[in-house]
Every structure is written in structure tokens, then in C-alpha cells.
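In the two complexes that follow, chain A is the common piece, with chain B as its partner first and chain C second.
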Partner chain A sequence: MRASLKKALLSMASTALMLGAGVAEADTSDKKIALSNNYAGNSWRQSMLKSWDTVTKQAVADGIVAEATPFTTSENQVTEQAAQIQNLILQGYDAIVLNAASPDALNGAVKEACDAGIVVVSFDGIVTEPCAWRIAVDFAKMGEVQLDYLNEKMPQGGNLLEIRGLAGVFVDDEIHKGIEAGVKKYPQFKVVGSVHGDWTQTVAQKAVAGILPSLPEVAAVVTQGGDGYGAAQAFKAAGRPTPLIIMGNRQDELAWWKEQKDANGYETMSVSIAPGVATLAFWVAQQILDGKDVPKDMIVPFLRIDQGNLEENLANTESGSVANVEYALEDANKVIEAAR
Partner chain B sequence: MTDSVLSSPLRDRIDMLRDPRLLRRALPAVSLAAILIAIFLINDRAMSYRGLDLMLKYAVPIAFATIAQMFILTVNDLDLSIGAFVGLVACIAGTWLVDQPVLCVLILAGCVASYAAVGALIHVRRLPSIVVTLGMSFVWLGIAVILMPTPGGTVPEWLKGLMSWKPPLIPFPIVACAAIALVAHVLLMESSYGAVLRGAGGNATAIDRAGWSLLRIRMSMYALAGFFGVLSGLSLIGLTTSPDAHIADRYTLLSIAGVILGGGEFVGGRVSPIGAVIGAVTLTLTGSFLIFMRISPDWQIGAQGAVLIVVLALRALIKLREGR
Partner chain C sequence: MRALAARIGNKPWLLSFAGALAVWLATILFTEGKGGGQIITAALAFSTFTVIVGIGQMFVITTGPGNVDLSIPSTIALAGGVAMKIMGGQDGLIWLGLLACIGAGLAVGTFNYILIRLLKIPPIIATLSSSLIVMSVAISYGRGLQIKPPPSFADFTTAQVAGVPMLSLCAILFAMIMAVILERTVYGRATLAIGQNMRAAHLAGVKVERTRCITYLMSAAFAGLCGALLAGFSGGNALNMGEEYLLATIAVVVIGGTSVAGGRANVPGIWGAALFLYLLVTMLNTYGASAGVRLVLTGLIIIAMITLAGGDKPSR
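What follows is the complex of A and B.
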């Protein structure tokens, strides 16, 4: 009883301070943040959930927030995630950190959350609803840097095989656009084949194996992550020379690359987003709840691995996982400042 | 207390309660009540107009899809394409409904007609419905992705307004679900042609001998399914405010689960429209229940299946007693 009275007095005092000075920080120790995640079925998402767990458990233990519970829908379904958001509104969360199944189709639910006074921070899979915050990945850039690298590596050009992600998902479309732009920039490269690998090694392997017999010599494979190892296996099984395959930071891909590097000096690069971006979104949400003025659109840097830092990254990546970075409050502030 | 002390009408009532047929019919409603009570116990905020409105909003398009599936199940077929079809409807409506409403209605009517055509194909060529509809699901999804390679599109204001309408006293989703159940019930259970339709699933030969065209019956069932699929798609984009080709992939399995949960059977024309809608609502609430329980994400997926299995196991138990 006495404690709660004290807390009430304190919060009154802090409100008064805030009104007075306009700079004092509001307390977020009684705030509840939920993670609404649309998919958990691949290594990237598993790493993401693990990072979320590590960082938010510490934050809860430190009394920074009261609660940070993750929620996941089973199969990347818009309808389920929309219903999930409705339920989180009802559950009384102060902020929802969101990796969305669709950039548009969740807008109805997101708007409803905003109207209920809930802070919505979307990341990775962002939403277009204006009332939400967005921590976006420049996916098109992720496609383009692959061509930049290839241009450097093989200025003479050559045939490319493109492995795309899940059809109809905007991430796939964005990376594809970046690759298209890159090919336009360096016309010595030509995409001779394109398959959908669904960001899954087994699917990619099957798809590449299916198209390989119809292809001329392939100089390089441009990818979206989670498909490089499968592609390498398909080339090997078909008895064709291994082209330069761009990797996507998955452990199996990095391990394969290391093996090839040690055996025959194989060179490539690897690029993807660190799953820990969820923790960045967590800190951004905490800062917004704290009363900080945060711009609605932020950009998160992607994680690139090159020949030089391969070993270091591989050593830090668990088997079946993805190269990762967990973010701290200072990183969030840097991203916020950069967006101003 | 011995039997002789109980008055006979009371004993009759108790006997009636133990009647397996009644139990089987009551099971969907009982499961719904159980899950509602559990939700109210965990989260008292849910027990309000706004709470029910929020929780049940997404039950409306699922109820439409479930009724669509039920029509197909009535004639002993299974529709594996309804989810993709609802997604296609969403994309079509999101592309044209605002700018060219007449054209859009015509295209949607064409969609219903092609559903009927699929029914005719299955009937005339004696193809297994599972194979044909599975194939069609790729066709629907393909067209939807071509139409809308990236999510986007616009939804008319009247549709958004209707789906977020807040009538006095009773939340809109409950009104809508009751209306859907009632219309389907009258159509299939009360009308005389409805009896013929169900009979086609129960004993096709008898219906055929009685002079009814089985082809026409199957075509009308598929057309009805297509029509309710269109309604599902429209109500869905009214909620999401934006379509997406993959928006309703999940509806195929949800709709089958809804019909079965609501007391329907895979064969024999044994279906219940009211039960199906209750099944759809129960499935929607299961999601809410698991979220309010704060089950860890690793378990949430499995837990949803577990709820289904429990209800079906109960039904199997009742059936066992029925058989005795």
C-alpha cells in the first residue's frame, strides 16, 4: 500500500517535472511491450526470438520495462497476425514491436492499436500505416551491393542465376528490384535464369537443380539469403563447376564458404540483416514510451561479411543460426539520430 | 438419494442430457462457451462490447469461408482452394472496386461462375475434388500474384465503414456471424431444395433416381461456395484495409476445421451451418485464448492444434457411445 502510494507520488512528481521542464524523462518501468512476430520457421527468425529474449529479459530484470513478451503466429499469415494485434490491444500493452506479414494488409489492425494509444514500431517487415514507426532495411540496396561486388570481382561480366525469395512477399520484390538495378548498372552481367528458393536451403536446392540443365555456364549466383548453401549443393550434384555464390549470413552457408576457402581459396561475400534488429526495435519503442521525439522512418544498417572477417563471424554463429548482432540503447539512439 | 425419490419428469430430463445425439449437437456450443469463459477468467477486459468486438472481428471472414467449405463438404467433396480464392477476391476487389465498381462486380460474378465450372468438371469427369481444387488453388494464387505482385490497392470507404461499424448493444461481428448462420441455415436446412442438396451427399443414387440432376446440384453447391468465398474476401479487406495475394492462405484449413469442429462430417451430407459458424468463432477465440495465456511462441503453434484435438477427441467419445 505504502509502496504504491510512494510510486503514485513519484509519478505525479515526474509528470510535474515533465510539464515544467519538458526534457525530464518519463518512467518506463511500468510499461509493457509486446513483440508481434509473423513467422518462426527459419533460422533467421529463431535467432531473432533468441536475441529478443536475451536483451529484453535483461531489460526487465534491470527494471527498464515491466514486461516484454514475444508472440508468434504459425505460418506467416496476415489474418492471424491481425487478430493477434487485436488481442494485444485488448491485453493492454503500451507498445507493440511488429515484424509484419504484409506492409499494407495489417494497416487496419495497426490503426486500431494507434487509436487505443499504443505505440507501434515495425521493423524488418514494416507497415505503411502512417501512425506506426518504421525501422526499415534497405532491401533494394542489399540486392545492389551484390552486383557492386561482382563488378569488382569479375569486371569481364558473365551469366547470373538469380535465386529469389517467397513470391508475392515485398522483401523478395525489393531485393529483386535492387538486383535488376545492379544489372542495368553493369550491363556485362546477364541474368540467364531465375528461381524461387523461398529463403530455404532445401527449396532452393530443388529449384536450382530443376533449372540447371537448361542453363549455359553460370558465372555467379545472386541470392536473398538462406539459399546459398542449397544452390552450392545443387551445382555439386549436377557435376557443374561451382560459380561465385553470394551468401546470406546463415551458419551453414558460412561454414561451406570457409571449407571452400580453405580447400581452394574460394572467394565471395555474404550479406543479410542481423536478426538482432528486433532488439533495436525494442529500444526504439522504449525510447518512444520514454517520451523521446523519434522520427517515424529509420534505416537499419545490414550486416556484411567479407573474406577478411569470415572466420570471426563464423565462430560467433551457432550451428543452424544466422550471424547476429544484438543492439543496445546507444545503438538505438544512433539510428534515431541518423534519421533526423 | 435413490432413483425412486426422483420424480419421473426430472429423470427424463437427465436421461435426455445423456443422450449422445444431443451431446453431439451441443458440443460445438459447449466448446465455444468453455473457451469464452476461460478467456473472461484470464482477461476481464475481454468481457465488454469493445473486447468482444476486437476479438471477434476476424471471425466474420472466417465464418464466410467456413460456410463456403461447408457447401462443398455437403456433397462429399473437399475444397483445398478456398483460401487462395479468397485471396484472389481480395486482390480483385482491391484493384477495381473503387475505380470501376461495375467491372469489378462482373469479374467477381465470373469468379463465382468459374467455381461452378470447377464443380461441373469434377462431376462430369468424375475427378477427385481434392486434386482438382488443389490444382485450382495454384491457379487462383497465380492470378492474384500477377494482379498484385506487391501488396497494395485500395478498399472503398463504405466497406471499411461497414466492417468497423459499431451498432448499439451487440458488437457487429456477433450480429454478422448470427446473420451468416441464419441465412445458411434457412438455405440448406429449412428449404425443400436444401434437403435435396444434402441428400446428394447422403445418398446420391436415391436423389438421382428421384429425377434430380446431380450435375446441377454439384454446380449450385460450388457456385454457393464461390459466392460465400467472395463475401469472405470482401469482408476481409474491409478489415485489413488493404489486400495481399497471400492474405487468406490459412483459410483453407481453418474452414475445414471450422466445419468439422461445428459438428460436420467429411461424408454423408451431414453438416450444420449454425455449428460451422460456431466452429469458426471458436477457432478465432482459440488464438485470443492462447495469447492471453502468454504461452511461449514455441508452444503457441502446437497449443492451437491441441485445442482442436481435444474437441475432436470429445466428439469421438460421444460417437462411441452413440454407436453402442
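What follows is the complex of A and C.
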């Protein structure tokens, strides 16, 4: 009795909220959304799961959806995630928000989900199956903006050290292509060394320390995220002047940048994708369930930090974590509109 | 020539040092002598971590076929997190953090051994599955957040004496002690005996299970210590900082002249192999080899080294 009264009140309140916000009809209140996630073993993914938790718990409490449960596979394996998706189909979810272990190997399982009438929204690690929606990151652009910035900052050019990600992974190739295109556009820059840092601070530090002694003076370091602080450590250990190192939004990178900025006016920029992009995918899925016509391919906005908004972003980032933004319904609608 | 081959056959670990020297020479040939010293400093610094966990892995592998510790990466992640959290950036708590990281390692080692002994699970599967559990504990313990080491601890792990990292000096001393333990103590000889023939060792009065237990505990404890030192060295812990040490530990053990089949071990070879692997990647990076070429060459060179080092005949 009491429970049903509470429920009724809640749904009334949420309806009022919805009407007040001027959003769609909110007939997704009985819908169940699942997050299928392939990996949890780094700070970015941990922030992602935390953002998902914060935003979806609120959405469930507000009665916007009935359920939004995250599921993470333990081994980052395609077979494991395919089995997980099949389980989610059997459990009767209405939508699956997917960060996929592979762009094509999960297509079979995704197709099964679509055939069962389930909405599949992939983000970050997207899938190529045409029936799914994609919120993709323009990784090549992420490489190119680094050179745009460098061209502005040091028009005279100079030697670059490139820290790449994990060899053989799509993301690494794409960012690298963007950097290559940027170097072509601004021929005053020359890549004098390239190492693989696997997006891991310790690995990047190790690889940079190894190649540094053989390099001429380095004016700037172009990166892929998760490797900037390791590079800074390696330059320091080698006793070389610190070049301009492009950062990747990790808190330790931002804190180091702030320290340098206060000490000697050090200038750089930082760019990456906010882990909260999972919540953007959540709202997109909710909108599709709500009957909105959403284009299949959308682009994730970058989270870029510059000299001016460094302090603000640093203050908002938990120590040891990644700079983050949690997206709201309006943000999702903006992204949907931009894709039209 | 044959005499040379015989000598290398007797001391397979010489080969890993020779290999390290060769790739170093090839690197400075390319840079025309520039940065040779700095490359050695970096190689010593980064090899230190591989050596610490590699020696633990060596003892495990020496206890015979099928024995391997696959939980090392997760243990590094967990212990690094535990150490940084307990130190909490305060110099006064460094000792407690170091004790805690070794304690975390011992806990993982005990768990591994329980799975192997009481539940009779093969070590490969036991340590692999425990690594999943340990990683989950590490994730929920630290929630993926990076914690900075106390300043004195960071200084200690990155300090150098005339271009030689302090930590490397400690690790050389550590390797010497472990070599003495392997060659001169009852425990060390028992490990070798078990690796040659477990049943024969048992009949000869070797306490087989006690030796295996100590071995798994030791490997995990070293991984724990390595986690704390690595977190200090690189400015904070991270969940994925142990990942590269899964294959690296097995590779340095094998390249260093320890038999994969067990029963024959070599401590100095671990140092040679760790330096060799680091310098090999540095050389290929310096030559500007693409990732594909680098991986293929690394694989081929490792196969060649193992074929050369493993060329000796069984002693029986």
C-alpha cells in the first residue's frame, strides 16, 4: 500500500519534472537498459562506471527508466562479451548500451539483439553492425588538433616525439593518422622518434627513457592520453629540458601541468574523451526507446582543457582520476541534432 | 669454436649478457656514440623491476613442469595500491606501506598455494583464476584512483649514484642473496631437486610441499614489493602497471638460462636477460622500426636466444 503510494507520488513528481523540463512523453518509465562493458582495469573505465552509476541511479529514481544495470566482462574477450549480450537478450532488456571489445567480432550477437527488438547503442568501442547506433570518437581529429595547437604555439616548428598507444589497435592507428596528417599540414614539424606507450604511464616512461638519449632536442611531445606524465618523468630523469607535452586529461597530468605553470609559466593543452560519454549513450538509448528518430552515426564531443580553464578542471577532477563530464539529456539531444 | 660453445653451454647466462652488450653496441653505433651511458642508466633502472619479479618467477618455474605464477601482474597492481594508500603521501609511513605490500603479496601467495594444494588445481589455472580475483580486489580497493608516493620514497626509488640507480644496486645485492639461497641452502637445493623429479626428491626426504609453498609465497611477495617500488618510481600506482610483467617474467627466466622444464635455474641470467630485453626494444625504437617489425624481430631474437641457450644436453 505504502509502496504503491510512494511509487505513484514518484511518478507524478517525475511527470511534473518532465513536463517542466519540456522533454518527451517519458513513456520509457517501464524500460530496462543494460550497459555491456568489456573492461574495467584502468582509471578511465572506473570513472566511466562511476558516472554511469551516478546518472542512471538518478534517472531510475526519477522514474525515467525502470532499470539501468551495468555489466562488465572480466577478461576483455570478444567471446565473453558475446555471451554476455546473449544473456542480456534473454533477460529481456529493452536497450543495450555497449562499449565493445571489438568493432566487428560482436556483430553476430548485436544482430541477434536487434532481431529480438532490442535497441543497441555502441559508444567509444563501437560496432560496425548496421542495426546498431554508434557514438564514435573522431580519433584522427584528436591527433590533428594537437598539431593545430603546436602550429599556433610554436610557428617556427621543431622536433616532435610521438608516443603511440597499443600497437595493432584501431584507436592507435587513427590517432597516429591524424598526427601524420597534421605534420604534413605543418611541414616545419618533424617526428624524430616514435615509441609505443600502450596508454600506460609506466610503459610510456620506460619507452621514452630508452629512446631519449639518442634523440636531438625535442620541442614537443604528441601523445594519445595516459602517457604525458610518464613522458615528463622520463625527461626529468634524463636531465633534459621539458618540452611541450600534450596531455590527456588525467588528473596527475593536469596536476603536473599546474605545478609547472605556477613555477615557470609552462603552457600546453590537454585533450581526451570524458569517461562520462557512457551517460551520453544512456540518454541516446533512452531517446530512441522514447520513439525519437535518431541518426545511426553520431560523434562524441572532445573534452579539451586549455591554459585558461586548467584550474577549474583540475579542481573538478578527483585526485588520481580522469577529467570528466557527466552528460544530461540536453547534451544528448545536441549530439543527435549535430549528426543530422 | 667448440670450446666456446661448450663454455656457453656450461654458462648459458653468459649469452644473455653477450646479447645485451651486442644490442647496446648496435644502438650506439647508430647514434654515433651519443647517449650510450644514459641508455645503460635507463636499462638498469627499468630492468630492476623485471629482475625482482623475475627471480620469484624463476623459483616457481624451477619447481617443475606446469609450475608458473600468472598472478604476478594483478599482485603488482594490488600491492602498489595498498602501499600507496597506506603511505598516504607521508614519509613517516613508508615502512608500514612496504610491510603492507609484502603482506598483500604473501596473502595472494597463500591463496595461490591453497588452490594448488588443497583444491588440487593445476598451478597455471590456479594462479590465472586467482589473478582475476586479485584484480577485482585491487579495483574495489582503489577504485582505479592513482595515489602519489611520499616524496622521500619517490626520491629513493629514482636516486642515482654516479649514473647507477640506487634501486639497481639494491637489486644486484638482492640477486646475489637469492643466488646464494638457490645454490647453498637446503631450500634452494630442494627446489632444484623437486624440479628434476618430484617423486625422487620426495623419496630422498625432501619436504616437497613445504618447498613449493615457500616458492609460491616468495614469488607473490616479490611481486608485492615490486608493486610498491614501481609505484614510487613512476609517481603513483595504476591498475594496469603490472600488465607487461606477465610475459616479461617468463621471458627473462627462459632467456636467462633457466630450464622451462624445471630443475635448473640461474640467477645472474635474469639480470642479463632483463637488460637484453630492454636494450633490444630501445635499439629497435632508435632505428625507427615500426611496431610490426619490432614485434616480429623481438619474437625472432627471443627464439634464437632460447635455442642457443637451451642447446645443452640433459645431465642424465
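Note that in this section the second predicted complex is superposed on the first by the 313 of 340 C-alpha atoms of A that agree within 3 Å, B and C clash if a C-alpha of one lies under 4 Å from a C-alpha of the other, contacts with A are read in each partner's own complex, and residues count from 1 in each chain.
Keep in mind that, in the parts below, contacts are C-beta pairs under 8 Å (C-beta built on N, C-alpha and C of every residue); 3 or more make two chains touch, one makes a residue touch a chain.
All figures in this text were calculated on a predicted structure; none of them were measured in a lab.
In the overlay built on the shared chain, the residue A:74 is in contact with chain B and with chain C.
Once the two complexes are laid over each other on the shared chain, residue contacts for A:91 go to chain B alone; chain C is not touched.
In the superposition on chain A, A:83 makes contact with chain B only, not with chain C. Contacts of A:241 after superposition: neither chain B nor chain C is touched. Touch criterion met: A:111 reaches chain B, while chain C stays clear of it.
When the two complexes are overlaid on their common chain A, residue A:200 makes contact with chain C while staying clear of chain B. Judged by the touch definition given at the top, the superposed model places A:213 against chain C, while chain B stays out of reach.
Look at A:265: by the touch rule set out above, it reaches neither chain B nor chain C. Shared-chain residue A:187: touches no atom of chain B or chain C.
Within chain A, the residues touching chain B in one complex and chain C in the other are 40, 74-75, 167-168.
Per the touch definition, chain C reaches chain A in the complex via residues 27, 30-31, 34-39, 42-43, 45-46, 132, 135-136, 139, 143-148, 158, 230, 234-236, 238-241, 243-244, 278, 281-282, 285-286, 288, 291-292, 294-295. Note for the complex: chain A touches chain C at residues 40-43, 45-47, 50, 74-75, 164, 167-168, 193-196, 198, 200-203, 205-207, 209-214, 229-230, 233, 237-238, 250-252, 318-321. Across the complex, chain A meets chain B through its residues 37, 40, 49, 69-80, 82-84, 86-92, 101-109, 111-112, 167-170, 173. By the touch criterion stated above, chain B contacts chain A in their complex at residues 43, 45-46, 50-51, 54-55, 57-58, 61-62, 141, 144-145, 148-153, 160, 164, 236, 239-251, 284, 287-288, 291-292, 294, 296-298, 300-301, 304.
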